[in-house]
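Have a look at the structure below, then the notes.
To keep things simple, chains are lettered A, B, C and D as they appear, and every chain counts its residues starting from 1.
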Amino acid sequence: MNITYSDATKALNAAIEKAGALNIPVSIAVVDNGGHLISFARLNSVYGVIDFAVKKAKTAAMFGVDSDIMGDIIAGAHLHAYGMINANDGLLTIAGGAVLKDKEGKIIGAVGSSGGTPEQDKEIALAGAAAIS
Amino acid sequence: MNITYSDATKALNAAIEKAGALNIPVSIAVVDNGGHLISFARLNSVYGVIDFAVKKAKTAAMFGVDSDIMGDIIAGAHLHAYGMINANDGLLTIAGGAVLKDKEGKIIGAVGSSGGTPEQDKEIALAGAAAIS
Amino acid sequence: MNITYSDATKALNAAIEKAGALNIPVSIAVVDNGGHLISFARLNSVYGVIDFAVKKAKTAAMFGVDSDIMGDIIAGAHLHAYGMINANDGLLTIAGGAVLKDKEGKIIGAVGSSGGTPEQDKEIALAGAAAIS
Amino acid sequence: MNITYSDATKALNAAIEKAGALNIPVSIAVVDNGGHLISFARLNSVYGVIDFAVKKAKTAAMFGVDSDIMGDIIAGAHLHAYGMINANDGLLTIAGGAVLKDKEGKIIGAVGSSGGTPEQDKEIALAGAAAIS
């Protein structure tokens, strides 16, 4: 299964609502389980975080774990693993990219938020994920 | 003036509605007047046209004319203008990218559709533009 | 509001004058608030720093903070944020990129200098910024 | 010999003056004999022609002939030469890129204009070239 546009929009809007509640200007991207963009919103964020939001979502989708966990994995490898961030046209392994799962727990995509603190972006992304799981 | 997320969403949703009426699977991108992504939807399109939609919208925004008119300009130059499509990380000069104007006629962004025939994509993009002009 | 060519030139020339006073060979770039180049000068710098000057200015403009502050943000995240430098076709987060503001304090672009020490480049960029704020 | 910043600015300003006389919004780039940017001005042009101006100048400098002559050469090769426009990160072989020569006729750089008709851009570029030859 892969995410539908309908569910992607549901996740996007829940994330937008959370960003509104936190009152911070972010960009939010939803990708499917192949890392391809499906839904996107820039909410008065600076331009630079458009790409951050997309890269966080893509990082989560393509490795099947939230973006900050992927960061822990790379850092914890005790090997010269940092070059991994150059792969796939650039990973972004800070908090704010969350995998999206269907009701049965299968990963169907990911949502990425950028523009707040890592903690705020994570809260926004998780609000998006919660809306469809 | 630059486009707001509210207006971008209005244009996007009008374009989505038109795509639904035509019953074709497309990707639709809205960018601001500097070519930066602000709103996006992939509606069961093939993956390859995600980038087409973005590039059509960017082409329209960065030159201030619909994407197919930019194509006419390049082809009509009767000179060796074809290298222009390599500029700006790649232009896309087929129909389906339409400038977005505010009530006073000033260009505030662009919408790009891809996945249908050039005529269908143009109809979808123009439906988006009509919703906010 | 976005920066005019007249103001961009004023900022560029003030930065050039400072570089002359410091007697160092630099490249200096001015971009608008969307990160698009508007004015540029290479003053006997090595070739490699042409792109550094542009990327510093773009980094400042696209995030709305001086390039070194963006570097502090990335480094200070205490998280795996280093992949951010791969976004937007490559950020450059060393000192020497300064936001340009209008009289009311609104960001209208940025200036980037490269070729000196980080401190010298910062001094040059800030001289450019001071000329129009 | 390679162009100095002083001469590059002289060429740029002569081109700017011509663009003002023609009353058209263009971008103008000056590169040295290696194709590296040395001086640049965006005069209310659309964003898309920033890269056109740079690519025209680079095309002229790197082949030692005006950009439209390079177009004639590629088209006249009676061979499958069109892929040449993909080389060097993208050539642009329409009129508007003119080589810059010193008093002795040696090529020291090039100037590119974009935003007008090919004829206007050529007139602007040649005005720049005339100022220092």
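Basically, contacts are C-beta pairs under 8 Å (C-beta built on N, C-alpha and C of every residue); 3 or more make two chains touch, one makes a residue touch a chain.
A quick note: this is a predicted structure, and the numbers were derived from the prediction, not measured.
Participant: Look at the interfaces B-D and A-B and say which one is made up of more C-beta pairs in contact.
Facilitator: Spelling it out, more C-beta pairs touch across B-D than across the other pair.
Participant: Just give me the whole-number Å value for how far the CA centre of subunit B lies from that of subunit C.
Facilitator: Between these chains, centre-to-centre, one finds 31 Å.
Participant: Between subunit A and subunit B, tell me the centre distance in angstrom, where each centre is the average of that chain's C-alpha atoms.
Facilitator: Once rounded, the distance between the two centres reads 25 Å.
Participant: Between subunit B and subunit D, what is the gap in Å from one C-alpha centre to the other?
Facilitator: Here the centre of subunit D sits 29 Å away from the centre of subunit B.
Participant: Of all residues in subunit A, which are in touch with two or more distinct other chains?
Facilitator: 47
Participant: Once you've mapped the touching chain pairs, tell me: line, ring, star, complete or other?
Facilitator: Looks like something else, not a line, ring, star or complete graph.
Participant: Any idea which subunit C residues touch subunit D in the complex?
Facilitator: Checking each residue of subunit C against subunit D gives 5, 8-9, 34, 36-44, 47, 50.
Participant: For subunit B, which residues count as touching subunit D in their complex?
Facilitator: 34-35, 59, 61-64, 77, 79-84, 86-88, 91
Participant: Contact residues on subunit B for subunit C in the complex?
Facilitator: 32, 34-36
Participant: Report the residues of subunit A in contact with subunit C in the complex, numbered from low to high.
Facilitator: Residues of subunit A touching subunit C: 46-49, 51-52, 55, 59, 68, 70-72, 74-75, 82, 85-86, 89-95, 118.
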